[in-house]
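Same chain, two partners: chain A is paired with chain B first, then with chain C.
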Partner chain A sequence: MTSWLFYGFSAFAVAFAYLVILLRNPIHSGLALIGSFFCVSGLFVLMHAPFLGVIQILIYTGAILVLFLYVMMLLNLKEQQKEDRLWQTVARYVALLLIPLGWMFSLKVLNFQRLVSRSLPEDFGSVHSVGQQLLGSYVLIFEVSSVVLLVAMIGVVVLTQKKSMENPR
Partner chain B sequence: MIFFQSDWLGAALRIAVTTGTIFGVLVYFLVYAERKVSAFIQDRVGPNRVGPLGLLQGLADGVKFIFKEDLQPANVSKFLYAFAPYAAVFPAILAFAAVPYGLREIDGKMVPVAIANINAGVLFTISVSSLGVFSIILAGWASNSKYPILGGLRAAAQVISYEIPLGLSIMSVLLLAGTTDFYGIVQAQNESVWFVFLCPLGFLLFLISVFAETNRLPFDMPEGETEIIGFHSEYSSLKFAMFFMAEYANMVTVSCVGVLLFLGGWEFLPGYSWQDLSLAIGLDLLNHPVLWFVTVVWFLTKLSFLLFLFIWVRWTLPRFRYDQLMRLGWKRLIPLSLFNLILTMVVTVWMVWR
Partner chain C sequence: MIVSLTHMMTLSFVLFLIGLAGIFIRRDVLTVFLCVEIILNAANLAFVAVANAFGDEFGHVAVVTIIAIAAAEAAIGLSMVIKLHSDKKSMNLSSLNELRG
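And now, the complex of A and B:
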C-alpha cells in the first residue's frame, strides 16, 4: 500500500517538475511547481516525517510560491511566443525519455522506496523530536542559518531605505 | 454493515459525512443566520417568504445560482479561470480534515471525533487554509481584466500580511500547551484554564487576523461593494457561488480552530470539566455512549457563538480603508503579536520553574 503511494507520489512529483520547465506560461509553471511540492510533501509523510511534510506545504507552497505567483502577476509576463530552436525540441524529447528512466533507476536500482517501510523509533519525525534535534545537536547550524536570514532581512530593509532617501518624496 | 468493517469505506463515509455536514448544513445555516441577524440588527424582518421562517431561502438562492448563465468573458486564461474556484473550495474542505469536533471513547481510551487525527494538526490546518490565497491570485489574473487583477493583488497582499499575526498568536497557544496536537491543546486547557483567560491578547490578535484572513468586515476589501471591484467580479453562476461557499466554509474552519485553541474545545465550562459535571449529576458521562453526542453538540454551541460574533461584527463596524488595514496589520498587530509571544514564553518558563 505505502509502496504504491510512494510510486504515485514520486511519479507525479517528477512529472510536475518536468511540466515546470516545459510549460510556456510562467503562471502555469508556478502551478506545476505547486503540484510537485504537494507530491514531495506526500513523500515526506510516507517517510515518517509528517512535520517536514506539513512544513513543506506551509513554507514552500503557502509562502514562497505565493510570492512567486504574486510577482509574476505584477510583472504580467506574457506567454513566450518564440519558436523553439531545433536543439530545444530535441532536448525536450530526450528529457521526456530520460526522466522516466531516471525514476525507474532510482526505484529499482537505488531502491528508494525502502525509505517508506523501514522501522523507526516511535516519535521519529514528530514535532517534538525535530525540535530536540534542531536545538540539540544541530543548534549551531540552526542559529547560524537564522543569523543569515536576519542579515538578508536587514539587507532588504537597508537597500529599500537607501533608494527612498535618494529620491525623497 | 460492511461500511464500518472496511477501513477504507469507513474513512470515506466519515469524510463524506463530515464535509457534507460542513457544506450542506453549517454553511447553509450560516448564510441564513447572516441574513436573519443582519435583519435583526438593521430592524428588518429578513427572509420570510420561502418556507417556514424563510428557512428555504438558501435553497432558492442555490437554484438561482445553478440556473444563471455561466458567462465566461473573452480572452480569459481558460484553464486557470475554471480552476480558480476549485482552488478556493479545495483548501476550505481539506483544512477541516484535521479538526476534531468532539470526544468519544474507544476501548477505554478517549479519542477525538475527527476525520484524521494528526500529530501536527494545528500546523496542517493552518498550512492548508493558507493555500486559499492561490484562488485569489489565480482568479484575479486569469480574468484578464484590470479591476479583478487589482482586486486580486490587494486581496492577496491582505491575506499574506495577516497570516503573520495569525501564525504568531497561534504559536503562543502552542507554547502554552506544549504540543501541536488539537487534542493535546484541549487537554492542556482542561488541566489549567482556557487559553482565552491565560492569554487574552493572543485571542484578540487571533480574532482580528482571522477576520482579515476570511475577508470579513471590517476587512472585506477584497469583495466590498463600495471598494474597487474584487477578484471575482468576472465570475458568475456556480463559479461565483463556489467562492462564496468557500468563504463561509473558511469561516467555519477558523472558528473551529478558535474554539479549540482558546475556548477549550468540547470542554464544558472553564474550570468545570465534564468529569465534574458527571460527579455532580451522578451519571458517568465520560464512559457513557452519548458522550460523543454531548461533546459534539457542546462544541457546536461554542462554534455558533464565534460565528455569531463574525456576523455581529460585520453588521456593526464600518469598513477600514486599505492603507489603514495595512498599517494596522504591519505596524500594530505584528509588533503586538511578537510582544504577546515573548510574554507567553516568559510566562511558560516561569510556570515550569515555579
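And now, the complex of A and C:
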C-alpha cells in the first residue's frame, strides 16, 4: 500500500514538474508546480515528516507560489513569446533526453539500500520533536533565517519604491 | 514497507534535472524562477529522505531553513521581475544584455 502511494506520488510529482517546463503560459506553469508540491508533500508524510508536509502545503504552496501567481496576474502578460533560434530548439530536446538518461544512471549508481535499516522513534518528525531540535541544538540556524527574511523584506521595499526624486524618468 | 533511500534520491535527482533543464530551455523570467523552486524542492526531498533513513532530524531543520530562504528569494526575485517589467516591458531573459553576457 505504502509503496503504491510512493510510486503514485512520485509519478505525479515528476509529471507535474515536466508540465512546468513544457507549458507556454507562466500561469499554467505555476499551477502545475502547485500540483507537484502537493505530491511532494504527500511524499514527506510517507517519509515520517508530517510537520514538513503541512509546512510544504501551508507556506510553500499557500504563500510562496500564490505570491508568484499574484505577480503573474498583476503583470498581465500578454505579449507573444519570441520564436526560438535553432540551437535553442535542439538544446531543448537534448535537455529533455538527458532526464531519463539521468534517471537510469542514478538507479545504476546510487545504491543506498543497506543504509535503510533503522527503526524510527515514535514521534519522529512531529511538531514537538522538530520544534525541540529547531529551538534547541539548531537555534542559530533558526535565528539566522529570521535575519535573512528581514534583509529580504528591506531589500524588497528598497527595490520596488519609485525613484522619482533622484532618477526622474 | 518504508520507501528506500535509493528511490527517494533518484526521484530527487530527476526533479533536480527537470529544474535544471527548465532553466536552460525557457527564456521567460517567471518560469525560470519556478524552475529554481523545483530545484529547491528536490533538495528538500533529499534532506527528508536522508533524515528518514538515518533517523536524524537535522534534515527537517534544514528543510525549514530552505523554505525560509526560498521565501526570501521569491520576494526579492519577484520584486526584480516587477522592476524589469516596468523598465523593459519584456519578460524575456534575452533582453537583459547590459552586461554583454
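Just so we're on the same page, the second predicted complex is superposed on the first by the 115 of 169 C-alpha atoms of A that agree within 3 Å, B and C clash if a C-alpha of one lies under 4 Å from a C-alpha of the other, contacts with A are read in each partner's own complex, and residues count from 1 in each chain.
In this section, a residue touches a chain if its C-beta (ideal position, glycine included) is under 8 Å from a C-beta of that chain, and two chains touch if they have at least 3 such contacts.
Nothing here was measured: the structure is a model prediction, and the numbers come from that model.
By the touch criterion defined above, A:Val90 reaches neither chain B nor chain C. Touch criterion met: A:Thr160 reaches chain C, while chain B stays clear of it.
In the superposed three-chain model, the partner touching more residues of chain A is C, compared with the other of chain B and chain C. By the touch criterion stated above, A:Val147 is placed in contact with neither chain B nor chain C. Contacts of A:Leu135 after superposition on the shared chain: neither chain B nor chain C is touched.
In the superposition on chain A, contact is made by A:Met73 with chain B only, not with chain C.
In the superposed pair of complexes, A:Ile57 makes contact with chain B only, with no contact to chain C.
Judged by the touch definition given at the top, the superposed model places A:Phe124 against chain C, while chain B stays out of reach. With both structures placed on the common chain, the touch criterion links A:Ile21 to chain C but leaves chain B unconnected. Overlap of the chain B and chain C interfaces on chain A: residues 51, 55, 63, 67, 74. Taken together, the chain B residues at the contact with chain A in this complex read 77, 79-80, 118-120, 123-124, 126-128, 130-131, 133-134, 137-138, 140-141, 149, 152-153, 156-157, 160, 163, 179-180.
Taken in their complex, chain A has these residues touching chain B: 25, 27-28, 31, 34, 50-51, 54-55, 57-58, 61-63, 66-67, 69-70, 73-74, 126-127.
Within the complex formed with chain C, the chain A residues making contact are 2-3, 6, 10, 13-14, 17-18, 20-21, 26, 29-30, 33, 36-37, 40, 43-44, 46-49, 51-52, 55-56, 59-60, 63-65, 67-68, 71-72, 74-75, 77, 79, 81-82, 84, 88, 91-92, 95-96, 98-99, 102-103, 106-107, 110-113, 115-116, 118, 120-121, 124-125, 129-130, 133-134, 138, 141-142, 145-146, 148-149, 151-153, 155-156, 159-160.
Against chain A, in their complex, chain C makes its touches with residues 1-11, 13-15, 17-22, 24-28, 30-31, 33-35, 37-38, 41, 44-45, 48-49, 51-55, 57-58, 60-65, 67-76, 78-83, 85, 90-92, 94.
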